[in-house]
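Structure in structure tokens, see below.
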């Protein structure tokens, strides 16, 4: 078996950041997606949206520059760029639900080959899962990219033929960035766009719970 | 660098297709994007559906566009007003479709389109001519009408200060239909009274965040005197 | 027949203004209602709303103080008081339709004894009547007061048992101020609260298209 | 003279009844009216229905109110978060009803209550557990859920600058749920970080116009350390 190095969380975020074109308005979920903010090339203007009422978030502040009144959806202190704007929750979700956000990057428990996303409840019996803005974002943003480890800590696949966890939204995921590969969700299912060097297609397939397709040229 | 500024009115209006639904902002003369309407007459698109509060007056602006035979239908709350002669003549002659919408319902339908809400219920119009052909429904013992969202292909908006990201503020009563129409169209074209640097409009004072804006047209007057 | 003087338009507006308590938020329709603004006692704070996005309108400006960017719903230049606020049409009508306006004063073609209001279309056949914000205001404001001449120029009654013109809204009018009387709309119909000096109840009844009731003490 | 200012927190919270629906603004710690929540614990109303984004954490604020047994039900989007131990214990013990609402639907239901819209349609939640028991309907070939407005008896709001008419602005990300909850309650009680003169907030910078506000409470800290 050949040698390969799975991407670190930071490297996964950087890989995603690489693909975001200038000018897109992006909402970043909690976890690895949040790291994307710090990986964007300095000369590329990408506008970051936070569902608690900020458009145009900048990087995390230096400790001496913290304004405790400016936080993101993950409740971390953030900064405002020149060109930022502030608004209330109904206006903020009107942006999301009205289709004005170009891209939302989310974490996931599971993604199915038809694009179903499960990222809010860990079991069907959980009566008090925390949904937050995930369902609104999953349905409202123009594109959904998922960034996640390829498998759970126990090695169970997170890319599956059918989600076993309760859905956040059906058929919404466009692309998945894992620590092993970049995978498009297409009409024929999972299509592998990129694999980390040294990992074979077959070895990737072995860690995936649905059929992988090779990209047609 | 994101830069939504275009050279002039003609570039701002490029690509508007025949048959488009075009929203026109303003209330009275405040915030009415006259230069963009004049530009639209130049631009040449036909069979337009216009969404605006009024149906124009005199022989300028919207009235001139209608007089040039370019409007198939108008959706508005107050078609007949002082000097709305062009509208009245065309309407009487059967050359113009009209959809009358109560002003608040018009505003809410536009806002709904921008917010991804395909339909909502309102008490406005219940028991009147406006309700004819519309679904009614009771909630908590009171009757409401169902109204649909009103999206557009293009919104023509006038704002006061605008930056290269498209962030806008408005002067005086100029927000009116402008600030909501900006959210409801596939392409939002803003006539900027003043183009300002990014950051000059403070984050708490931005009324229309730039993500709603497609093109920023520097103000110029092209109205024949 | 005794002597009496019908109120002038200005006097009607003053009569209405007299009844508006401090602190109410009022929307004034076009025509006589607009005149109410100038008749409010200077020491009474009443907050005027204009549906094109103004709360806290002040009196008409002196010619040298006109700001052409600040107009009311009748498209006249107005001023802004300290404490005024500006907003867009959806927010403005949310105030109206959400029941946040204490009082709306409107003109009328006809008012029926059950409170039906007709003030937007002059015939059922008129295919292009101008509704503006009248229906929203009639349904949304907490109270509707109508101010109107008691009869048309031809002497036909405007207070009627049933409206013949298309309705603006059914059952919404609370009170009517005419050039001859102040009339409450109650569960038993029109109830006369006040008549101009010198005019008898019977003479008022003769100019009214529905039964008038004397106020019970 | 209109003057909505009250002396203190106790006067601001006077008259809140048992069984009331109480909205609590804020997102994270920003704009959370902590002193009003503490005051509500003092005030004593019971069987409350709380509308808020979270279900509290630690043993302060909302969590303390719940721990004191004063909350019958909570309507929120994110009940289980770091430190939400009080919520979890009460919920597991069956002593607290929970209604989970997606954050955008929660915001829109609150806005709808303020705007007189008894129901609307949204794509959020279609095909998920959230849709169970809810009416669905197709518009233009796409499926939507019907959602009802969410009005309240009382809204507890924190604003930055407030004048005697109740006009408010907010600092940073402090508008969040505050600015919409202020529109949706019969009685809106605003905790004012700064009380300012009428006119000090310019007309174009007012975020919550005074007509939505019932009482203005000068900021004071009553949080036990």
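Residue numbering begins at 1 within each chain, and the chains themselves are lettered A, B, C and D in the order written.
By our rule, a contact is a pair of C-beta atoms (placed from the backbone, for glycine too) under 8 Å apart; a residue touches a chain by one contact, two chains touch by 3 or more.
All figures in this text were calculated on a predicted structure; none of them were measured in a lab.
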Shared interface partners, meaning chains that touch subunit A and subunit B: D
A-D against C-D, pair bridged by the larger set of C-beta contacts: A-D
Centroid distance [mean C-alpha coordinates] between subunit C and subunit B, Å: 29
Distance between chain centroids, defined by C-alpha means - subunit C, subunit D (Å): 35
Distance between chain centroids, defined by C-alpha means - subunit B, subunit D (Å): 33
Of all residues in subunit A, the ones touching two or more other chains: 54, 86-87, 90, 93-94, 97, 140
Shared interface positions of subunit D, touching two or more other chains: 108, 111, 115-117, 122-123, 170-171, 204, 207
Touching pairs - complete list by chain label: A-B, A-D, B-C, B-D, C-D
Residues of subunit A defined as touching subunit B within the complex: 22-23, 25, 45, 47, 49, 54-56, 80-87, 90, 93-95, 97-101, 140
Residues of subunit C touching subunit B in the complex: 50-54, 67-71, 75, 86-90, 92-94, 96-97, 121, 124, 127-136, 139-140, 166-170
Subunit C partner contacts - residues on subunit B that touch it in the complex: 27-30, 77-81, 87-88, 91, 98, 100-108, 110-111, 122-130, 170-180, 207
Residues on subunit D engaged by subunit B in the complex (per definition of touch): 108, 112, 115-123, 137, 139-140, 142, 144, 148, 169-171, 204-205, 207
Touch list for subunit B against partner subunit A, complex: 1-2, 111, 113-117, 163, 165, 167, 183, 197-199, 203-204, 206, 209-212
